[in-house]
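Shown below is the structure under consideration.
Chain naming follows the written order as A, B, C, D, E, F, G and H, and within any one chain the residues start at number 1.
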Amino acid sequence: MTEAELRKILERVQCKQISVGDAVKQLQALAGFLDLDFAKLDTDREHRCGLPEIIFCEGKDPKHIPQLLDQLRTNASLVLATRATPEVFSLVKRVIPSAIYHEPARIISIGEPKKTQGGTVLVLTAGTSDIPVAEEAAVTCELMGNEVMREYDVGVAGLHRLLAKIEKIQSANVLIVVAGMDGALPSVIGGLVKKTVIAVPTSRGYGASFQGLSALLTMLNSCAPGVAVVNIDNGFGAGVLASRINQMNL
Amino acid sequence: MTEAELRKILERVQCKQISVGDAVKQLQALAGFLDLDFAKLDTDREHRCGLPEIIFCEGKDPKHIPQLLDQLRTNASLVLATRATPEVFSLVKRVIPSAIYHEPARIISIGEPKKTQGGTVLVLTAGTSDIPVAEEAAVTCELMGNEVMREYDVGVAGLHRLLAKIEKIQSANVLIVVAGMDGALPSVIGGLVKKTVIAVPTSRGYGASFQGLSALLTMLNSCAPGVAVVNIDNGFGAGVLASRINQMNL
Amino acid sequence: MTEAELRKILERVQCKQISVGDAVKQLQALAGFLDLDFAKLDTDREHRCGLPEIIFCEGKDPKHIPQLLDQLRTNASLVLATRATPEVFSLVKRVIPSAIYHEPARIISIGEPKKTQGGTVLVLTAGTSDIPVAEEAAVTCELMGNEVMREYDVGVAGLHRLLAKIEKIQSANVLIVVAGMDGALPSVIGGLVKKTVIAVPTSRGYGASFQGLSALLTMLNSCAPGVAVVNIDNGFGAGVLASRINQMNL
Amino acid sequence: MTEAELRKILERVQCKQISVGDAVKQLQALAGFLDLDFAKLDTDREHRCGLPEIIFCEGKDPKHIPQLLDQLRTNASLVLATRATPEVFSLVKRVIPSAIYHEPARIISIGEPKKTQGGTVLVLTAGTSDIPVAEEAAVTCELMGNEVMREYDVGVAGLHRLLAKIEKIQSANVLIVVAGMDGALPSVIGGLVKKTVIAVPTSRGYGASFQGLSALLTMLNSCAPGVAVVNIDNGFGAGVLASRINQMNL
Amino acid sequence: MTEAELRKILERVQCKQISVGDAVKQLQALAGFLDLDFAKLDTDREHRCGLPEIIFCEGKDPKHIPQLLDQLRTNASLVLATRATPEVFSLVKRVIPSAIYHEPARIISIGEPKKTQGGTVLVLTAGTSDIPVAEEAAVTCELMGNEVMREYDVGVAGLHRLLAKIEKIQSANVLIVVAGMDGALPSVIGGLVKKTVIAVPTSRGYGASFQGLSALLTMLNSCAPGVAVVNIDNGFGAGVLASRINQMNL
Amino acid sequence: MTEAELRKILERVQCKQISVGDAVKQLQALAGFLDLDFAKLDTDREHRCGLPEIIFCEGKDPKHIPQLLDQLRTNASLVLATRATPEVFSLVKRVIPSAIYHEPARIISIGEPKKTQGGTVLVLTAGTSDIPVAEEAAVTCELMGNEVMREYDVGVAGLHRLLAKIEKIQSANVLIVVAGMDGALPSVIGGLVKKTVIAVPTSRGYGASFQGLSALLTMLNSCAPGVAVVNIDNGFGAGVLASRINQMNL
Amino acid sequence: MTEAELRKILERVQCKQISVGDAVKQLQALAGFLDLDFAKLDTDREHRCGLPEIIFCEGKDPKHIPQLLDQLRTNASLVLATRATPEVFSLVKRVIPSAIYHEPARIISIGEPKKTQGGTVLVLTAGTSDIPVAEEAAVTCELMGNEVMREYDVGVAGLHRLLAKIEKIQSANVLIVVAGMDGALPSVIGGLVKKTVIAVPTSRGYGASFQGLSALLTMLNSCAPGVAVVNIDNGFGAGVLASRINQMNL
Amino acid sequence: MTEAELRKILERVQCKQISVGDAVKQLQALAGFLDLDFAKLDTDREHRCGLPEIIFCEGKDPKHIPQLLDQLRTNASLVLATRATPEVFSLVKRVIPSAIYHEPARIISIGEPKKTQGGTVLVLTAGTSDIPVAEEAAVTCELMGNEVMREYDVGVAGLHRLLAKIEKIQSANVLIVVAGMDGALPSVIGGLVKKTVIAVPTSRGYGASFQGLSALLTMLNSCAPGVAVVNIDNGFGAGVLASRINQMNL
């Protein structure tokens, strides 16, 4: 918090341009976080890390989510909640009518997507049941200001489907590859491109997939170097990573 | 043991064509196993399962191995020892001069390979460090009477190497695919062929391969149906399985 | 896609024998896959791998399944959906009245089973709770054109039940052995026959079965060589594998 | 420690029948343990549990072992050390010339075996590499006063070897079944007998045996009730358990 | 099946003492199993193993259970079903009015318990949530003809509760010790007695108990020799094992 | 039980100050535990361990809980039940109207909290979904007589939130640090303070957190020495541990 | 590549039907790999993926390595061998005198490093025993044409060491963070920067680090989004990934 | 670094009381760490955390250790190296003749132990092979200024050995309990005392101890609350933790 920033807020209070309550909120935000009863919202994250704090809805009390989002948006032009159910969205919608629900991605966004820059992020899946995770990644990328293309259901069991898209694959700037079961797709794609492959294991599959462990290990052991791995079903993390890489050196 | 077999042995004892000791051995063998001091050699296995009992050398006292092989070969035209070190072979060679050592496969064979029949078994590896396991599979197949071809180092990180061999792959009768690390090769090949793919995980790789667990899980979760999986590094088991399948319905 | 095939379709469009829409579908199919909104149906798989693409229903949106099946059957004489609940079937039935539900196997089939050829596939289970997985394997084999026999509940805790069926077991061409808990049945059967044993672990059992891990490891470590292992509860994969082996060299 | 015992020791000191040093040792032993510098030898264990404290040599300083055994034998008619290497034995032999080394079992015994009572304990192994663990169990039983029979190498891959011994198996009073790899033998034997089967997993096998985990899980999940499981490679524990059961109700 | 048995059945058919249908059933039973549509009931098990085949209800179709029990009881004086819910019992009760439900043990019994013999089996638990598993063991023992005592909630965190029962513990003939969480109770009891301790891990506990894995490993690694371990939550297996041991040498 | 205590109870019976029934209860309690039908309540625990026996509600029959608490409170000034649902509380409330429900902590308390002594216990969480576990720890500490402060949502992804609290952290006497996902917070805090850090892993997170295993391993491997780890989600255990340490040497 | 194919291309160049540039492309495409006896060297990889095939020395026969490198360098300006021991290097040196050994990184390089471009890659380690893995990453980056800085031993147990470098950290273009034990460093750094963090778990630590599993899980579960994870001890993979990201969009 | 401190150093340089080189070192130390070539020694740790940075020798280059210790001791009155082999000690001894080797604990110390304060720390082991880990804990405590008592080999298999020491146990201020195999000792002791129990699992035991996993899980699941767990074989961590707790509130 610079002295200038501080002075400006106090002057506006003096002039009654803003209420004391609003001034408190703004001062806290300048301190880097909002100290709520049950949370410390990281209002400095966008400045520091390039993206605002995100609300991960799973395991949180649904009643808290509209309140958290409402606080966050006073300090950020774009606010996101991930793993949001339709029920959570209807609670949010009541408080923040401008909220948008990206249903297959289970993401709520409030505010404007960032300005698009960089190359293309291509999101691929091995099968159709990997789509929800892929959409979480794709929508995250779009909101972060990336052009996104999708190619779903191009798993290695039908290599011709993949080879039919090879030019698109080789021309993408960053690739997000989502796969469950054997998790083999990132290895194959990693051997075809010069760009970074972000591998996302999913928890889909028969018994010995052990909720995504199988695909996770496959991807970590990829024989193609240059493959980055994220957590099981973590489409959001993959999206953030892809966006950062895609917008490098601009 | 048929009556005729029994009668024949006894008549030869009567005529002193064989000694009493030899007759005991032959009678025991007809009973289905030789009851040694420290082992019960399954002399009936070839008749029952189509292949003789095999000596798995790891964890056995090297001194016992020549003796076991010597016993087995009195009842079988072909006898094998797997996972044999050069040291074990030199012990065997002293007792059984006709023994042959297939070095990269770590197999000792005694007697004639079976007559070749069936189609071709193609053995592929993802990398060069999978070769010892692949050789164990290939030599087992050859000794069991199969024509064997090899294509090593065609892993998915360089798909063109694999695609260059696609006709050979599609024309093989049975495929043995050996891979460590991500274990992705069987899934890709399984999507290209009509025939059975036998997947052999190997224990090669970086830390999170966990001594072959990664490749094993990948193969069990292969998205291409029709893939048969065997134990980690078990080239011999893959060879026996391939031979049985290759010689089906002849 | 040969030039001849292409020419034929275009001529039929020219002659208005087929609509432009139908021609699009057929051209896509010749390209090897149908590019739907949310999936790329592999229409070339039957030609390449000997069996059409299968719809695995678990984890898919039930609304998509009738549509997927409807697309697939335009390019295949036999179409399958596995792990289908009765609810999924009633959705399918509305769109495709000729669909058949194989209830214990949880399989929907559309079209004619393939012509029966090859020897007999014998499906065995250790216990009665392994039956749903066994039926998935058995029905898959039947639809793929194999004669199937069943012997359920012959686990090793009552060896006489197994030995009473030994001739049937030894006369089968391929054996599928389904077992949970200790998973010991494939090892015993593998020691009795010359033919391939396909071992299917199931997720049935007390605590330390760890959802099928126990049976899976047992089968991978079978002391009888020539045992092929598939994923936990993967009756369909076992059925495809058995069918391929049973129809080898014909 | 009864008053009578105490009085007796003190009177012998008074009469100089024993030295003060010896009296100290005897008094400590009556207290239930000998408090050495680096150990508390449980001298009451034989009275309480029916067998004396045992020295488990692995991970102990070899120099300590002769001293520990020497202390223990002043309060017990029979003293054992398990997992003893030949090197350890030669150290012990120097101090206690009457010590005996049971080589394949890796056991050192000092003193008289207990008087034989009860029925027969039958020790079986699936393979030949399970023999060292089996011998540890068998020798423990013999020293504890049990008649022991052995049948090694009767694994389920050659069921006729097992069935040839079925009368012996059914007539034994307690069975110890030692197996690595698939660990299937106890399930089969458990289904053939009325008596207790003690299952001992061994760490022998290919990769996915994971140092005995595979056999351990198989045995815990045995479909035959009445199977008792002990730790991997724990022949000694199996021997003690068998001895206790065999000598019940006498 | 002896000739005498066979003759007797046929004579009773001839005299119309039994119907042809009943004779078929009795002949099948003499063959060792009843070949139902979906199961092979092991009618020889009581003769061979000392206890009849048991119906494990979990994972079975509830409709099948009354039928299975009805078949079994024609060949056995005592028939059991384990893991039976109240719903299953009400289905059974309708068909077999004499069936009894042992509610805390979740066991249904039909017929007379065996005649009591042998010493006392003492069933202990570490906590109160281990009681359902303990009751399954205790009721099994009672039905198999053993005198059973119970001491519940004597875990090691309050050692005085255990020590208050030490005479009872030392006087029992066999001990079944049921514990979740740290699973430490069998080790402590194993150090106090001469008799066999049967350790039963349960799936109760906080996160890192991993559904009973923690207690299972503790028990397998018990530092007191002579501890027999069974599967997680397997009260029935512990009961059968205890009964066999308790009735040894009578 | 001292003679004086015994004499006092008996005299009160004689004087009819208490009934015989109450005297029985008090005498049993002096013996160290109350022997109920289904439990042995450890009434000596407070004297021995400094805290009374606690009722862990999960997995217990809700009907038993009011009865257990009612028994315990006759011998303790403060009685607790953990992991209590609102349903359990309403059952308890009916029997014991003075019972208090600490809702976010899921704890029921009956009686007076202990007198506050020692320094401050500071409870921190990495995120907001760790709060229920943190509250269980905090309320336990408060009831045990400790001053408690809370700082929630100070995870390492926003280090400035943590550093803003550094004086508070360094001035606390004991720290309880609750974290799921990467579990990294205790390592950072452990490097900042001289006092004990109690690390509590939670089961919150994406797929590869494996229900808290990830955070548990992180904490056990903390590179800052002086970190004590408790079970996953075990807020109560952390609270007891913190209270003991906080009240050392007073 | 057949002679005919070669001849045809050259004739078309001669006739100026295609340009020299096009001929080069066609020749490369037709070749693509060198088919050695025991390996298929992927000579097209640099063109396709931006880096040449690398020789991973572990598990390879040392005699093969000089030969492999010699072949590879005919098609690439820079050739690498990783995990090379000093022994391997001296074998290589004899054949290729210009080879350079980067000792702490265990890398052999032959040829010129690529031209430096992009921003700075900063390699950090938590401790000193992580340095060999960090050096493998750093040297790989340098050879791939990146400016590299190092900050070793800045683990979270001494946060001031890290904070002292915060400007350097925030000004780097890509960060490689290497850590064993608790693996917490990437989470902390991920919360401080806008750029990609590549997390490399190492196998260093006490027992419950389970050879790097602990650090791997921590990193996958990092609460800071935008963290890319690679395999345990895989410094080379991290280096390639960092280089690709660092040179994006140039 | 206060201004006063800084001024003092500079004045001493000015007066040539210290050399420029020494001043550099002191200034760096005031900055909180020494920036060596391969390490950043945390010279502020003693001030911040109450104990100096420790050198963990495993996995470090032995040549670096004397140098690291030499640097550290310029800023600390007591310096430690753990897991030091005799070879490492002889290297250190050459450079720092006053270094002391605590052999069974594998610790090197340089400088004076801290002044003793607080109560007694009692270190107990279950068996004799746990002693090296226990000694690491005990010597750490002694050097940190605690009075230490030891009771080794009091495992639960001989409870009377433990009960004979109960007064000593109950009078200790902090208890460190070291155990491998079943890891049951901390649960028993935790139920006997009011003070903190620090549980240290060791990697000693038969197969299914899985290198200490068994004992670790047992301790985390201890049914006695108030048990703190540290990493497998981590005697040093236990010692630091015990020292902190023992010296609370003084």
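Going forward, a residue touches a chain if its C-beta (ideal position, glycine included) is under 8 Å from a C-beta of that chain, and two chains touch if they have at least 3 such contacts.
Since the model is a prediction, treat every value here as computed from it, not as a measurement.
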Label of the chain whose CA centroid is most distant from the centroid of subunit B: F
Same-interface partner of E-H, chosen from the options C-D, B-D or A-G, over half of the pairs matching: C-D
Greatest separation from subunit C - chain, by CA centre: H
Between subunit F and subunit E, distance of the C-alpha-averaged centres to the nearest whole Å: 38
Centroid spacing, where centroids are CA-atom means, of subunit B and subunit F in whole angstrom: 60
Between subunit H and subunit F, distance of the C-alpha-averaged centres to the nearest whole Å: 29
Centroid distance [mean C-alpha coordinates] between subunit G and subunit B, Å: 38
Residues of subunit A whose C-beta touches two or more other chains: 45, 157-158, 190-192, 206, 208-209, 213, 216, 220-221, 224, 231-232
Every chain pair meeting the contact rule: A-B, A-C, A-F, A-G, B-C, B-D, B-G, C-D, C-E, D-E, D-H, E-F, E-H, F-G, F-H, G-H
Of all residues in subunit D, those that touch subunit H in their complex: 31-33, 38-40, 42, 44-45, 53, 56, 58-60, 64, 201, 203, 211-213, 216, 231-234
Residue ranges of subunit G in contact with subunit A within the complex: 45, 48-51, 54, 118-119, 173, 190-196, 198, 216, 220-221, 224-232, 236-237, 240-241, 244-246, 248-250
In the complex, subunit F residues that touch subunit G: 126-127, 155-159, 181-184, 187-188, 190-192, 205-206, 208-210, 213-215, 217-224
Interfacial residue positions of subunit B with respect to subunit G in the complex: 128-129, 131, 152-154, 157-158, 160-161, 164, 204, 206-209
